[in-house]
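We just call them A, B, C, D, E, F, G and H in the order they show up, numbering each chain from 1.
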Amino acid sequence: MTNDALTELLSEIRDGRVSVENGIERLRDLPYMDLGHTKFDLHRALRNGFPEVIYGEGKTPEQVGEIFTQMGDRANILATRVSREMADHVLSVCPDAEYNAMGRTLTLTREPIAYLEGEIAIVTAGTSDLDVAEEARVTCEMLGSHARITSDVGVAGIHRLLDRLDDLRKARVIIVIAGMEGALSSVIGGLVSQPIIAVPTSVGYGASFSGLSALLGMLTSCASGVTVVNIDNGFGAACAACKINRL
Amino acid sequence: MTNDALTELLSEIRDGRVSVENGIERLRDLPYMDLGHTKFDLHRALRNGFPEVIYGEGKTPEQVGEIFTQMGDRANILATRVSREMADHVLSVCPDAEYNAMGRTLTLTREPIAYLEGEIAIVTAGTSDLDVAEEARVTCEMLGSHARITSDVGVAGIHRLLDRLDDLRKARVIIVIAGMEGALSSVIGGLVSQPIIAVPTSVGYGASFSGLSALLGMLTSCASGVTVVNIDNGFGAACAACKINRL
Amino acid sequence: MTNDALTELLSEIRDGRVSVENGIERLRDLPYMDLGHTKFDLHRALRNGFPEVIYGEGKTPEQVGEIFTQMGDRANILATRVSREMADHVLSVCPDAEYNAMGRTLTLTREPIAYLEGEIAIVTAGTSDLDVAEEARVTCEMLGSHARITSDVGVAGIHRLLDRLDDLRKARVIIVIAGMEGALSSVIGGLVSQPIIAVPTSVGYGASFSGLSALLGMLTSCASGVTVVNIDNGFGAACAACKINRL
Amino acid sequence: MTNDALTELLSEIRDGRVSVENGIERLRDLPYMDLGHTKFDLHRALRNGFPEVIYGEGKTPEQVGEIFTQMGDRANILATRVSREMADHVLSVCPDAEYNAMGRTLTLTREPIAYLEGEIAIVTAGTSDLDVAEEARVTCEMLGSHARITSDVGVAGIHRLLDRLDDLRKARVIIVIAGMEGALSSVIGGLVSQPIIAVPTSVGYGASFSGLSALLGMLTSCASGVTVVNIDNGFGAACAACKINRL
Amino acid sequence: MTNDALTELLSEIRDGRVSVENGIERLRDLPYMDLGHTKFDLHRALRNGFPEVIYGEGKTPEQVGEIFTQMGDRANILATRVSREMADHVLSVCPDAEYNAMGRTLTLTREPIAYLEGEIAIVTAGTSDLDVAEEARVTCEMLGSHARITSDVGVAGIHRLLDRLDDLRKARVIIVIAGMEGALSSVIGGLVSQPIIAVPTSVGYGASFSGLSALLGMLTSCASGVTVVNIDNGFGAACAACKINRL
Amino acid sequence: MTNDALTELLSEIRDGRVSVENGIERLRDLPYMDLGHTKFDLHRALRNGFPEVIYGEGKTPEQVGEIFTQMGDRANILATRVSREMADHVLSVCPDAEYNAMGRTLTLTREPIAYLEGEIAIVTAGTSDLDVAEEARVTCEMLGSHARITSDVGVAGIHRLLDRLDDLRKARVIIVIAGMEGALSSVIGGLVSQPIIAVPTSVGYGASFSGLSALLGMLTSCASGVTVVNIDNGFGAACAACKINRL
Amino acid sequence: MTNDALTELLSEIRDGRVSVENGIERLRDLPYMDLGHTKFDLHRALRNGFPEVIYGEGKTPEQVGEIFTQMGDRANILATRVSREMADHVLSVCPDAEYNAMGRTLTLTREPIAYLEGEIAIVTAGTSDLDVAEEARVTCEMLGSHARITSDVGVAGIHRLLDRLDDLRKARVIIVIAGMEGALSSVIGGLVSQPIIAVPTSVGYGASFSGLSALLGMLTSCASGVTVVNIDNGFGAACAACKINRL
Amino acid sequence: MTNDALTELLSEIRDGRVSVENGIERLRDLPYMDLGHTKFDLHRALRNGFPEVIYGEGKTPEQVGEIFTQMGDRANILATRVSREMADHVLSVCPDAEYNAMGRTLTLTREPIAYLEGEIAIVTAGTSDLDVAEEARVTCEMLGSHARITSDVGVAGIHRLLDRLDDLRKARVIIVIAGMEGALSSVIGGLVSQPIIAVPTSVGYGASFSGLSALLGMLTSCASGVTVVNIDNGFGAACAACKINRL
């Protein structure tokens, strides 16, 4: 709850325009919509700058469909980790939504998005990291930042990366996505001066331990100033990048 | 090596001012000073924006002392993870350096630091996280950002945190430092809209597993847009925060 | 075996009403029913206060069906981790049983349940934790405690939680259910004075490591007096809560 | 912050006795004492029923000494994880404090403690678990519950445990402390009907992995209704037990 | 290769009955049958007392079928980890084999088995451990030891176990099979004097980590003299038990 | 408590020689001596065949000294994990005890030990495993089995092992002690037919993870019938071996 | 990019045959073919000696098919981790490719392979390791080294291995493939003097932890000079072996 | 034991020059010297090409001193992991030995070493990896290969590495030593065509987990053909490199 809202409420109480009992009530009247199973936060945009996002995993297609139909006339919506099956259901009840199969996102754009000027670069080590990259890209776009993907520039072929450096240096923030040993964030971190957000992916096998090796590698990066999000969390990296881009 | 430097070098070769052999030689003439044991990178400031920083652990007091005396007339220096014993030696050969015992940093300020306007907030969950916070604060200052520490506002006493929200909202970037379950970054992440960099600390015992619980907690934070650095890595968080602050 | 039973048996032996050989026999005559594959404990209610509960996983539908038909005229039964397929079989042989699909429980209520006065509050961080919450709720009801679920009040939207505090404070015991970083138990633990039982869930991905991050987070909670049960163990939390509620 | 306090404050604003500006100020005027390094929470007793407790590890003897001298005339104090060296310093500045070397606790009792009627039983598997048991016992006493330790009744000599069952059954809550495989909580959990709080200890070697084996064993206990706290966390177990005992 | 065989070979060489070249050849002529994909060891019985056993996992139904048809007229065969599908194929080419669905074993008994006198007791904590117990039982029988299963006597109902103690004490070796916290081996280890072989099972969920908790619990058992085999390894436990029973 | 003792007690009650109250009392009169901190089990020899053994770690020199002086006139005593400092204290109060510095054992032999005929072979992979081997050897001797150590026959020099095979084959049970990859138990397991008890040791560094690699290697041994005890647990292996040797 | 290429380019610039702008452009003109999703590296053969290899996992059948059709007229191609379904698609668009179902490789041989003289020996512990061995064998052949598989010579039947030693000693490099405890590499490492590359496999169950036990066992091998690649990485081992064989 | 030796022995037996009994005896007369605690393998040089090496950790200074004095007149000796204290003792009894404090090696060179022509490059990511590099260098030299260390060329300053590429390309084998994320081996692996042996080091803190992050990173390297040895195992890497260099 913002400070301004509190100031206003207190003023109204002082002026007698709002009774004490009512004041307590209104402090309760929090800015979210309660669908029973989900408390959908309409004013989060005010508080931390973005609309509520729906995390598809662990929800039923019906629950997500209900959110889209109830909320979809008021706000833009971004749903992540949406399976093909869930998408099919939602599209049947909310045909204006758009499904991105690679990024597994479902979006609904009611309000035109006001784009910031700075661009976000999304770099992947391999082709297999593209789904995470796509989730990040769609998220950036929905949050008002343009984003461009540069893929398959892993460190085992360093010249492919060096070739793209000038492009990367034009971005305001760089999201680096890599599985296996996750070394790409260290190398880029040593070559550019922008903020870098590293996303370990579960790409790999054996000692990759479902992304653990990339995660540890990025956390212990010898390049200073690299920060890390959860394994395969393209969405989270995009959120962080957009918060930075808005500064 | 920057693109501009390459352009210049190629122009000189074309003009005959530099011979081919010499050109190759100069491509080798990379901008670092070689002390034998350490390759000290004088121009890193140009490349990613900060002076080279010395990581004290695993170096001998003599090695660090030599770096301070050789480099100390040309540049500001920041050494981290400096034990009291190492500090004593360096101060004996370079008396202008300053030791911060809590943050275990050693600094030498030859050039006046040009401070940016935006401030960085450093928040700790408990008193025991203060050494990491101090490392972060000193690093911020050396990199040109003012930083202020708010300590002991862990989530078990949520009102202590709510009380400080207005202060936090004035900062441009927030560094959140917490051990044990590391929940502070989730709570703050839900309350403010700035970029948040979370630092798990090794504070705790038993199932804390030397910071692992805080690390996992921060990585899986339900607040979107929180990014994480290595356990106890106050320095890395500060680097990332300053890169962001410079935007 | 209780002390009273032993006293009685010894008295009977002394009085000659029971022979020595018979006494040994009766010490063997333990209060459980042996179905071959399962030793069903009829008198556990006497000993630790609850009827035997059937853990469905690793049993065949036929085994569970047999237990329901053999025991179902004598006692109330609660089966947990019951798949839809298992439920279908049991309902075909014991039509009075009731299946709760979300909580995956199967119950049979032969005896009216005598409810205690105090209520148990069940709080979840997210919508995806609802299945665990439902398992806990059904268990509470079968064990004689009323329980109410408050869902989707995770710490990233702290105001949703604060809004419900008064309700929570009316409960006698609080069960907190959360996946990902599991921070909810720390925050609630700092706000209320009741006993809190935390249930980590396997909700999440990547560094959640199937509930490990939430488990560690809850074990290392900075709020004192939070106790923890196994990942996804809504049943166990309810048992503990009901034992406390009975005091 | 309690609801009552808020009601009162709002009433004062309505009545003009407190200005709006002042109201905001007072919402900030939270009930803790700020020693700079530590925010000491005077009113926590009101909020969750216990005085603030000092966790000694990671604090300097001087910091703890300052807390004792500043707070010690107003409230009872309990400090845990206090080394001999820290205790010596605190006793030198606050001679009324009492040091318990086995439990590593430091206590100061200014106010007479009002003891509850119910007793808490503390049971240990081995002699080496006694330090954790002692920490739990002292904590119980400071929080107003009498506690009694029964030691060295591990499951490898089950008759030693059976011998003590009647005693255990007289307690209102049972704290079970065990290292190695932590099986004691399962066995007791099957024999008594009270709430059981299990404390894994770091006693053991090799595959004990500093308490991990006991922790996992207790979390996966086949006895329903056992809840668990962090490794070696005698203090936390006592807090939970006292919260239950107060019901 | 045994010492006697070497002595004989060397004697033959000395006597000129075997040439040097031939001697080297015969040292190569090792006592196994080579099926290309598998080297089937006919004389292992001589060397370590048991026939070669086929581990079904990772082999194709065809490979196992070939072994049964090629070897089945010369020796008894025991195949473990045999899926229903693999069994169907083998039975189609070797109809005398017998499939045990619960234990997932496939056996062929060409030679009458000479049974030892001592019996092996197999004890399980729960109903869900029965498949591992059955694998152990069949293995014991094929290796010449009678075995009897006592199931569902887990430590949470200690009286069920105490009731069976006399039976257990009649066995020569005891195999204890338990999942979750694996405490059963500690309790039995404290009550009987026979060798105990503990088998952790993957029964459980969450912090059971697929048998890890039971494994660690058994390895750190406070009962001395308990030895442990791999998770779910009923076969290995039976081998060890039979080696002991033969002494 | 044995069945015979119960029969006798019940008979005495029936005959009136023991009153009911007294009977209950005597059921309590369990066969251990209570030193306050430790419950010393005098009759464990009767129950599982060996005298109580003292685990030195986590006990004070004074506690162990008290046990030796109080128990030492009645029984043989074996203390393990005894530091030099602890040994010095015990020897000062009980000069007849004997300290084995390599095995870190302290023994007192009041009763002549009746040795069994069969011998136990103790084999180590390297010189660094000798302390664990020595602990095992002393334990065997105290428990009535002769034991002989064969050291430094690790698998990287397989001929050293083959050279000793005949000796190993004369033993009744073989204890195999190895650190690093723990392969020795697999190789010996394939060469001999006796029961093998494997002891992983913490010898090694890096990926040895304090014995974890050897432990996992031994648990997953491809040689059937190898059983395993805890890391560095020479004592436990000896207990198991002696239980087997007694058959 | 090689030094020679740089020298040549610089010479051309000096001589005016290439303009500065053009020179920068050509430094960009890196030797790979960009298919959008994949950057296929045509000149890698020149740089590290082998053609680019396609890692099938995480790619769609269509992507791999496109690579084969676009590249397949210019170079030999090796694809690994190719599922049957992916193979079917590629074969439909590029019928000259060859699928190896056991090794899951897909190869296309346009250029005749020039084989080196030295041979690579591939040794497996069990039948179940054959798929990894086959991947290694095919890779060796595509990279120009003949390779031969010796299977099922695990350490539990050491004589099977000793029988094959002379064969192994004829190879130039030995690849050792084993699951479970991975002991085979230690034993072979002690018997031969060639370079050994060990491949842990995920064969096994329980404490094998999907190849972790074999991995740790090989890394901590007591035989000096054994090097290790990732779990199930037959391809990587073959690459390393061929690099060595080329020396 | 070599095949030739066996042929010769068999011939002697055939010719009657050696009796059968004697033959068996001589098969036992294996080529090692038995110091009681250690079996020192004189002929290992013949078998796998290198003299026996002493691993200092876990041995007493006296044991190592005895080996040097007993063996030192016959062979060159290399001892690793030698503490300063151990070195002092050995030097006191064998003054010709040489101690390398950084690499913690102790060497004795009785026989002149015949050096191979090819050189081994040793590359480290940071200054703190120098001790492992030095252990590798000394080992290479003792095994007959010249080795040169290039230090502090970690991937965060990629130009420092590119600058040294020509040097690296002249070596026959490259040992890459790195802690933290261990990315250096991936980058070098993509740039050169020689065999690469990667050594993870325990340099780092927090999520480095004592070298685990570097180990996993190297094992999952996206550069094909990189093989890995144990954490901090400079010695093992050197052994492997020298075996390769000898080809």
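Operating definition for what follows: a residue touches a chain if its C-beta (ideal position, glycine included) is under 8 Å from a C-beta of that chain, and two chains touch if they have at least 3 such contacts.
Just so it is clear, the model here is predicted, and its values are computed rather than measured.
Superposing chain C on chain F by their CA atoms means rotating through 180 degrees, a value rounded to the nearest 5. The chain with its Cα centre farthest from the Cα centre of chain B is E.
Remark: chain B and chain G have CA centroids separated by 40 Å (rounded to whole angstrom). Per-chain CA centroids place chain E at a distance of 37 Å from chain G. Shown for chain D are the residues in touch with two or more other chains, namely 3, 126, 157, 189-191, 206-208, 215, 219-220, 224, 230-231. Every residue of chain A that touches chain H in the complex is listed here, in rising order: 125-126, 154-158, 180-183, 186-187, 189-191, 204, 206-209, 212-224. Of all the residues in chain A, the ones that touch chain C in their complex are 1, 28, 30, 32, 37-39, 41, 44, 55, 57-59, 63, 200, 202, 210-211, 215, 230-233.
Against chain A, in their complex, chain C makes its touches with residues 126-128, 130, 151-153, 157, 159-160, 163, 203, 205-208. Within the complex formed with chain G, the residues of chain H that make contact are 3, 47-50, 53, 118, 165-166, 172, 189-197, 215, 219-220, 224-231, 235-237, 239-240, 242-244, 247.
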